[in-house]
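Please find the structures below.
One chain, subunit A, appears in both complexes that follow, with subunit B as partner in the first and subunit C in the second.
Let's look at the complex of A and B:
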């Protein structure tokens, strides 16, 4: 039994159903992220847990109790909003102490707890500032402290970092994770930033169209995506339209190329599928290497090179098909030019076959315009 | 983590220094600005001079002169006559009453169309109507009220004949203090809506939700956040409404003639030159109004300072 549970929760606004029959179980102390594109229902789901939206159907349990009909003020869940949520008329100290004051905690105790919180977010010297005298990152720190000062049962965060610039965002997300670990507080975190979700979550729920498409650890989600939507939403991916030509031996064709996969393709003979392979799974073929039964070798030409810092991304063309390959950067690297012939190799285990009958978040279709 | 925080803090300091520098820069460029840049303002300054500085100056001078133009304080001692004192009192009472009542109703209306979440159509209708109605004053407004709520006004007659309610029998009188107040409230309400609507629009939904999330009731939200945040705007709005009623002349004059002697009407009588004709007393009375308004504004800015410590 999870600490926070959603049992078949749905939400409609008028005729528009935005959350569909959602099931989720979050363990005590766990950090779960809702990840998905805009409008997929992340915020709505979080707001239902917080109590700001009432589910159209289904049940929400917190700590074993059905809270579906409990007003937000009585749920004791801390919430951090995207921005603008600090009370502008109160200092940092008053903001953090607000929940305690409402709860009737003594002034002395509030003082003590606020000091603890200020130390936790390393903002002791900002205690008497007003929100408008703080940077966005500092405001969100205070918002976090304010949310956890009342020792809520769980912490809910709705894209708390999306209004901040990239550097602060990375630093603050690590701080959030550190504080979460220190307090062991159950946390649900909404984001549309896959890198953010992967770096701080115990588990990620990838959402799409009001449903959880897949839930798992960042490692599972990245390496074993269940659908091509999940696969393409997270990280960079080669997502290719393929046709099964030899179901028994796991062989598919892409144009005139034949590729070996480790997937079982039972009953898929001659069916269209999607083949995915991560760019980091590819490497240049060394002519000395023997081609084994477990590897795929493709020959084509370089289309362009994207320098990404720690890695270099080669965009290559094989027949009509574009593929990415990522290699680590090093200063000795000799970068090929457009049109240079290349030969790449990747194992059949690196290829994942996913059902074809769905659109994906950002398939490689756009590659040609991108170039 | 501590290190990264320290870094952020020092960045913060750096950022402050940069803004400081750019602030200095912009000052510098302002100082360098060419005299030609000011040319466009000439009509404005001429206007101010002709219609504010000169009249105010002659008012100030005139208040200290007798009919022959020599210096005197006699005009001010006349201000202490009971009828003039009571005229000031009734003007203040009228202005304060209509500011408070109009302010309250206008606030509720503005609340309904902003935070209250009435449909967009209602909202824009109320806004547009307020824009028009807040400027509806003077003779047309008085006439409109006389023809609806006067002794033989449409509403009065309908109430009497159809519903058997006799307004005037039951104590109402359009040409009394409350009749005049009612008429003023007609333009005070929409004015309040116009002034306070932006402030209400600025109230973030997240404040309400954050307070709720921390266990606060609706009352606690308004007590700790809503009212304190709105207070500076509310005070400013009330002052504006007060001043708006305080200086009104045409509406009162055309509605009640001389029945209710608000100060502007008395001043008018002194200056227009009927039996009472004494323009210098009129100037002194006007100066008295300026003084009252000045005191009100001083009190206001003091309250404003207290209530808006947290504002940028």
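Let's look at the complex of A and C:
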């Protein structure tokens, strides 16, 4: 039995159903992220767990107790908000001690606990400042300290880094993870940033249209996406429309090209499918490398080159099909030019077959207009 | 480019001087007129007459009392209402805003006759009670109190602050007195002083409900005397500006007001 459990939870606002029959189990001490685009129901689900929204149906259990109708003040769940929500009239010290004061903790104990929290977030010297005297990153650290000072059963974070700039976001997400691991606190984290979710979470629940599309470790979600939506939401992806031409040998066709896959294609002969390949799985064919029976080789031309710093993204054209390829930046090598002929190889294990009748998240399909 | 910039700057100064002249010339004229109580010399004799008149203190004290009651009743009624509307019933907000304009649209004389008509007979014979005057004043002050509080509530993220406090275990009492009201200090002060200024100078309700208030006293003095009304006008003006100055001074020390340095990451 999980520490936080959602049993068939749904939420509707009027005729608009935002969360649909959601089941989820979060273990004690686990860090689970809800990841998805706008309107997928991730924040509403978190707000139902926090008690700010009442489920239209279903049950929410925390530590074995049904809290579906318990007011937020009685749930003992720490919450961190997107825009910090620090009390402007209170200093950092008073903000952190607020929950303890409400709980009737003695002044001496509050002082001690606040000092511990300030040390935890490395902000001892800011104790007497007011929120407006702090940067966004500092304010969010104080908000985090305030939420965990009361020793809540679980910590809920609603896009806590989205108002911060990129560098601080990376630093703060590492701090959040370090503090979570140090305290062993069960955490649910809402984000629309897939990189953030991957770097911080034990498990990610990818949400779409009020449902969990897939839940798994970041490794599973990235490498074994269950649907084309998940596959295209996480990272960049070549998503190609294909037809199964040899189900027994796992061969599909894309236009005039035939590609080998390692997928089981039973009962899919002649059926349309989607073939996915990560851009990093492709590499330039080296004449010295042996081409085995498990390798796909494609010949085409360079269409565009995007220099992204640590990596270089190539857009290549193979017949009518466009594909991405990512390579590490190498200052010693000269970049090819548009129109240069290229051959790329990728293993059949890198190809993943998904059902054809699904909508993808970012629509990174191999069509000219989208590339 | 430089000539154009200088020209614009000069024009700004001209407008500023015109604006200040429009505002200060009548004020200075009134003040100078109030000093002419004694023939041939400038003196404060008109002010002495005003302060020596027992009705001045009597009516002023009465209106002061009424303003305190109005402020208390108004705040108790309107502050929780405004908070609730902002938090739970935002759809009702346009309707309340429309209501808050009613005292500007409906003349006080209509309100006064409405009150007299409604509360002249048992079981609600309140015409002889100052409670009815306070009730009328609350209606007249409603726009000032509601709009001040609403502006204050809009400037803080009420919903998120409330939810943050709730997630930390706070009940409605703590949320109101420890989180919301301390962050509404400037708005509350504005509401209080605007109500005070309105009640102190109010004429129609006090006359029609027959109460010895400061407004009717000023009207009476203005009708019968020459220099004293000017002295009273200057005194009223000083009271208003005194109130505004107090708001400024008190709100300067409010923690969380954005007047300080930014922090480091």
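In the analysis below, the second predicted complex is superposed on the first by the 362 of 371 C-alpha atoms of A that agree within 3 Å, B and C clash if a C-alpha of one lies under 4 Å from a C-alpha of the other, contacts with A are read in each partner's own complex, and residues count from 1 in each chain.
Definition applied: a contact is a pair of C-beta atoms (placed from the backbone, for glycine too) under 8 Å apart; a residue touches a chain by one contact, two chains touch by 3 or more.
Because the structure is a prediction, the values reported are computed rather than measured.
With both complexes brought onto subunit A, simultaneous placement of subunit B and subunit C is prevented by a clash.
By the document's definition of touching, both partners, subunit B and subunit C, reach A:72. Looking at the shared chain after the overlay, A:166 reaches neither subunit B nor subunit C.
In the superposed model, A:90 makes contact with both subunit B and subunit C. With both structures placed on the common chain, the touch criterion links A:293 to neither subunit B nor subunit C. When both complexes are overlaid on chain A, the residue A:1 reaches neither subunit B nor subunit C. When the two structures are aligned on the shared chain, A:175 is found in touch with subunit B, with no touch to subunit C. Of the two partner chains placed around the shared chain by superposition, subunit B is the only one that A:122 touches, whereas subunit C remains out of contact.
Where the contact sets of subunit A with subunit B and with subunit C meet, they give residues 50, 52, 71-74, 76-79, 81, 83, 85-91, 98-99, 102-103, 130, 132, 135, 137-138, 143, 146-147, 150, 168. Interface residues of subunit A facing subunit C in the complex, by the touch rule stated above, are 50-52, 71-79, 81, 83, 85-91, 98-99, 102-103, 126, 129-138, 143, 146-147, 150, 168.
Interface residues of subunit C facing subunit A in the complex, by the touch rule stated above, are 156-157, 160-161, 163-171, 174, 178-179, 182-183, 254-258, 260-265. Across the interface of their complex, subunit A is touched by residues 1-2, 4-5, 8, 12, 15, 204, 206-207, 209-217, 220, 224-225, 228-229, 309-312 of subunit B.
Residues 50, 52, 71-74, 76-79, 81-91, 98-99, 102-103, 122, 130, 132, 135, 137-138, 143, 146-147, 150, 168, 171, 174-175, 178 of subunit A are the ones touching subunit B in the complex.
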